[in-house]
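Some structures to go through are shown next.
You will see two complexes here that share subunit A, one where it goes with subunit B and one where it goes with subunit C.
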Partner chain A sequence: MEPLNRIIEKSKHLSFDLNYTYSKQWKSADTSRILVGYLPIYFPREIVHAANGLAVGIFGVGDRKQIIRGDAYYQSYICHLPRGVIEMALDGSLDKFDGFVFPAICDCIRNLSGMFKLEQKGKFQRYFDYPQNFDLSIGGEFYIQEMKHIIGDMSGINRVQVTDENLIRSIRLFNINRRFIEEIYNIRQEYPWRLSAVETYYILRAGTSLPVEEHNEILKQVIDHLQNERGEPMDNIRIVVTGSFCEQPPIGLIKSIEMAGCYIVDDDFMLGSRLIQGNINSDTGNPLSALADAYINQSAFSSCYYDVGNPKGKRLVELVKKRNADGVIFSAASFCDPALLDRPQMQKECDIAGIPHINFQFHENTGQFKVIKEQAGTFSDSIKLWA
Partner chain B sequence: MGVKPTQPSQREGLKQMQVYKNKMDQQKIQNKKTSLPPLGGGGTAIKENSMILQKDMLAKQFNELSRAKELGKKVVYTFVPGNLTELILSFDLLPVYPEINALQSGMRKKSAAYIRDAEKTGHSEDVCTYVKCDIGMMLNGNIGPTGEKLPDPDLLLLSYTGCFTFLKWFENLERLYPGVPVAMLHTPYQEDGKITDEMVQYMVRQLETEVIPKMEMVSGKKFDKSRLSEMMKNSAKAEDLLVKVLESAKRKPTPIDAYFAGVYYIGPIFTAFRGTEAAVDYYTELWNEVQERINLGLGPVTPEGELNEEKYRLVVEGPPNWTHFREFWKIFYDIGAVIVASTYTKVGGVYDLGFRHNPSGPLESLSEYCMGCYTNLNLPQRVSLIEKYVKDYSADGFLINSVKSCNSFSAGQLMIMRQIEQRTGIPVGFIESDLVDPRYFSYANIKNRLESYFQMLEQRKIIMTQGV
Partner chain C sequence: MNKNILTIGIDVGSNFVKTVLVNYSGNPEVLDKHTEKIRKRNPSVVSEDMIVSMLEKNNLRYEDIAYLASTGEGDLVKRKRGHFYGMTTHARGANFFAGDTKTVVDMGALYVRAVKISENSRVLDYKMTGQCASGSGQFLENISRYLGLSIEEVGDISLQAHNPEISSGICAVLAETDVINMVSRGISTPNIIKGIHLSIAGRIIKLLSSLKGESPIMLTGGMALNKGMVQAIEEQLKETGKNFIIKTNPDAIYAGAIGAALWGGYRHIRLSEKTTTLSV
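This part shows the complex of A and B:
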């Protein structure tokens, strides 16, 4: 077993290698392999895996790359993530990718798909329209068609047919992946000091540029390590962070929250890897249907999905209870309409449930965390005081 | 050789022209005293018949809305792009369009306070101001543009064509009106630049299983397909006429301004009147007036009076600013710039590309309509459409008014601008403002930018005429 610190270091490197060196190396080992970049939040990576491909998460550049050309493509009042993605598209970081998938989460990502089309980046650029109709025979059918378009795009490149058998195998592998991730969160719920939120983040994010088999191996080792004591329990409060599902907060921000005396016991940083809750049915003759069913019936809440009938504020409160958390930090990217428009209603639900909360906004390249740290520190102190 | 006597028909025509000209002269005098009424409140200051018609239509509509409960009518809140007006009307339901309320609040200088009130309830300064303006209006008693209270919704019809914020907007409304049913109609995006059969079928099935049953439940009436088809005949007639009006701007001089005045022209067809005879009458009248202007060789009507010299012909992308609408328009008027084509006037349907509501397949047709609206086109389609406008309308320049609120329009506009510059070679300009948040309209800044842009156009004109 590899030492945990080494695993974390490796994961950190993978998370922020904006050249996607490892993914590209993986592809170069076999001519029928393909690389498909996907934007936040969620995308059924199983279909890429079953097509002998690797789905690689493209989650912006954070504070790791200077934006030189990307800013010229976006007005100041548009969030930061897409300008970093355009920067990578223009500076060659995304060369060797065969195609790109833009999940339907907001108008910025949607229009970014058109920008990739105009720039002719990759052999295909697909906007992946999530159905907002949650009837399996209608929205589910639509979802299946959307997946088939991408399957068609991929097989047009490498001539690999996605068979039911392959797809079921992929679903099983991703089920393991989801289960392991959930297990890590469950362990952290009891022993949050054993693996910090930043370390957890690295480990999860690394999985968005690795074959799922390799990531499962890493997760398994992490779980084994976490059976043993590590670190020291502190007198920290337990909080849930929400609103950071797309543009990723800088590591400094996550660290600042932790250093201010908060254990982050749940979050939506890498929501795409955790969106589907529980296993996707793999004992089926129709795996595409199973994927659609999971999207419709097993998704976690997020600002990007229509929630009437299943309001996300209430689901946030449930999550806080499940994680036995003391409070919520609303942390959204500036100019992120989906997250910010949800905030007042979600805060209201927290108020009704008596859950304390604070909020702040960030850019992926925010460099100053003093104010955030102070805010989180005061939050933590006030909760401890009234506990 | 003596003057050839004119034929009776020609004489009649000249007489009509004279009458028209006198009317215009009189109005120009009145015009000095009149200010621009709010959108939907009667159009520009020169009162042409069509404007009076539109004003009456709106007055009647809002009166009916204010008496909805007493009339026993049920009310549907819905959006402009991809609206299902004929379907709503076929159930005798009354539609309310929150975006229209927001823009009218902007024009009536009420939006700043509404937005502030919404922000006090926790909404971020960063998000779409239409939503905040609407929420603020509700918090302040939901008083509509005529000063009367708008009725609460009986149904929230969320057909979210071309914009995600609509979805968030209605999630917020749903919480403000707990218990009101929500009907969701997901409009697939034209990601591949086309509408496929499977997309149409997906929408039709949603109409059949989600939207229509909820309308039946709320209205207590059965769906009447033939009534819907009948209405669509009217829609198609009005759409034909609107296209004629918009395409009249291909002429030199253009008899219309296709952006500032264009927003008045699209009013009835983009909102509560598509499918009605009143809309057909309105567009018939409007088209007659435009034809008269063509015959007289007149330029567009503006609140400052008629534009006498057409110096620059522009294509504009992006919505206008509503809080300073008249000042904004005047900057163009003063320099002699006229907008010959705009994308904003296509948010409720790109009829000039040929789409017409089709009575023989009403649900399929409604679906295609929703998917065909401007902000549901992908970026390459948008670029091609603008390029076509530049060419078809012999434009001298292309200008983007990028509004802070609207990611649907704005994200990607800088790339659109580059593409148009490369493809057409005409000067491109870029200004920034907002829809209804006056904090983001800097008159001096915009004026400076526009003046530099107009200088650029002038220089190019000189170069072109010198054949350099």
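This part shows the complex of A and C:
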């Protein structure tokens, strides 16, 4: 078994390799392999895996790349993520990718798909919409059609047919992946000091540029390591961080929250890898339908998804209770309309449930965390001493 | 086995690390204290060494300490049970010095912070100096070095001033230029130092008035030990016509560490109660 510190270091490197070296090497080993880049949040990676492809998460550049041309594509009141992504597209970082999927998040990502089309990046550029109708025969059918478009795009490149058998195999592998991730979160709920939120983040994010089989192996080893004591418990408060589902928070921000005396026991940083709760049915003759069913009936909540009948605020409160958390930090990217528009309603639900909360905003390239640390520190003290 | 609730508070500042050993049982009492200048060393190593030497000096083991609490740049302290934010600990430290404290002015190396507190040490509101270092202890230390003085001397020298020359209170760079000009114009050292004190005091008064600070005011942090600084604040306050009571304490530099140790004791008891309730 590889030492945990080495796994974490490797995951950190994979998470922030903006040239996607490992993914490109994986592709170059076989001419029928394809690379499909996908933007946050969620995308059914199973269909790419079943087509002998690797779905690679493109989650922005953080503070690791200077934006030169990207700023010319977006107004100043637009978030930072799409600027970094277009910068990567223009500087050749994404050249080996065969196609790109832009899951429906907001107008900025929709426009980004158009820019990729105009710039002719990849062999296909697909805006991937989600059903707003949760009737399987309507919304589910729509979702299946959306997936079929991408399957068609991919087979047009490598001539690999996505069979039911292959897709079921892929679903099973991703079921294991989700189960392992959930297990890590469950262990962290009990023993948050054994793996910090930043380390957890690296391990999850690495999985968006690796084949799922390899990521499962990493997760398995991490779980084994976490059975043993590591680090020492601190008198910290336990919090849920929400609102960072698309543009990713800088590592310094996650560290600052932790250093200010907070254990992050749940978050939505890498929500796409955890969106589907539980297993997707793999004992079926219709795996596409199973994927659609899972999206409609087993999704976690997020500001980007329509939630009629199952409001996000109430689900956030349920999550806080499930994780036995003391409070919530609403941490949204600046100019993130979905997160910021949802915030008042979610705060109201927290108020009703008596859950303390604070909020702040960030850019993926924010470099100063003093104010955030101050806010999180006083929040932690107020709960520890006065709640 | 030691039945006392012993706690350690460690305050990692930008210039000094301060540690205190407190007996939290009954009426809390400071048993030991120590300050160490960091002097370009690794603050983590300095902190750990200070904890070890405090334990050794008092014939204690790490396990004898019910709660080791950090404050300031506490993430640099590797061995600890919990961390409290600077304002929270200075509030508690000030309340320990004088139970009737309503406003705390923490005068540290990098900034000055005015904090309004409740009678049970809860932070109600605060204001702090901005980015510029001209209102900080570090600035005062730099100036004293230019003038060939040690930081311990400046308080007494300031008291000898008769005609202080006010320097820029906005920018440390401008203030340093002012001081160079004053030296070349033959202004005496006490008058220069007093002028700087008055300039820093002016910024503190502005903080207090925007905070709507209430009396009594407790000065904490390293600069609170500087008699010249305290006198300058009192003079400036008088000019505003406010009859504020200004208090200091010989242990003012330990206010953060003492506050951390006291909150640590409080948390230890609360956590023990929780554990007892759970086991019942």
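Criterion: the second predicted complex is superposed on the first by the 386 of 387 C-alpha atoms of A that agree within 3 Å, B and C clash if a C-alpha of one lies under 4 Å from a C-alpha of the other, contacts with A are read in each partner's own complex, and residues count from 1 in each chain.
Basically, a contact is a pair of C-beta atoms (placed from the backbone, for glycine too) under 8 Å apart; a residue touches a chain by one contact, two chains touch by 3 or more.
Keep in mind the model is a prediction, meaning the values are calculated, not measured.
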* With subunit A superposed, do subunit B and subunit C clash or fit? -> fit
* Asked: Of the partners subunit B and subunit C, which touch A:I352 in the superposed model: first, second, both, neither?
  -> neither
* Please tell me which partner, subunit B or subunit C, touches more residues of subunit A. => B
* To do: Please indicate which partner A:D307 is in contact with in the superposed arrangement: first for subunit B, second for subunit C, both, or neither.
  => first
* To do: Return, as a multiple of 10 degrees, the angle whose vertex is the Cα centre of subunit A and whose sides reach the Cα centres of subunit B and subunit C.
  => 100
* To do: With the two complexes superposed on chain A, say which partner A:R110 touches: subunit B (first), subunit C (second), both, or neither.
  => first
* In the superposed arrangement, does A:I78 touch subunit B (first), subunit C (second), both or neither? -> first
* Asked: Between subunit B (first) and subunit C (second), which does A:I68 come into contact with in this model arrangement: first, second, both, or neither?
  -> neither
* Determine, under the contact definition given at the top, whether A:A260 touches first (subunit B), second (subunit C), both, or neither. => second
* Structure fact -> The superposition places the nearest Cα atoms of subunit B and subunit C at a distance, in Å, of 20
* Structure fact -> Intersected contact list for subunit A, partners subunit B and subunit C none
* To do: Write out the stretch or stretches of subunit A touching subunit B in their complex.
  => 72-75, 77-78, 82, 104-108, 110-115, 117-118, 126-127, 129, 131-133, 135, 138-139, 141-142, 145, 149, 303-304, 306-308, 311, 332, 334-338, 340-345, 347-348, 361
* Asked: So in the complex, which bits of subunit A are touching subunit C?
  -> 232, 234-236, 259-261, 374, 377-378, 380-381, 384-386
* Asked: subunit A touches which residues of subunit B in the complex?
  -> 121-124, 126-128, 131, 158, 160, 163-165, 167-172, 174-175, 182, 184, 186, 188-189, 191-192, 198, 202, 205-206, 209-210, 378-380, 382-383, 402, 404, 407-408, 410-415, 419, 432
* Report the residues of subunit C in contact with subunit A in the complex, numbered from low to high. => 67, 74-75, 79-88, 122-123, 263, 266-267, 271
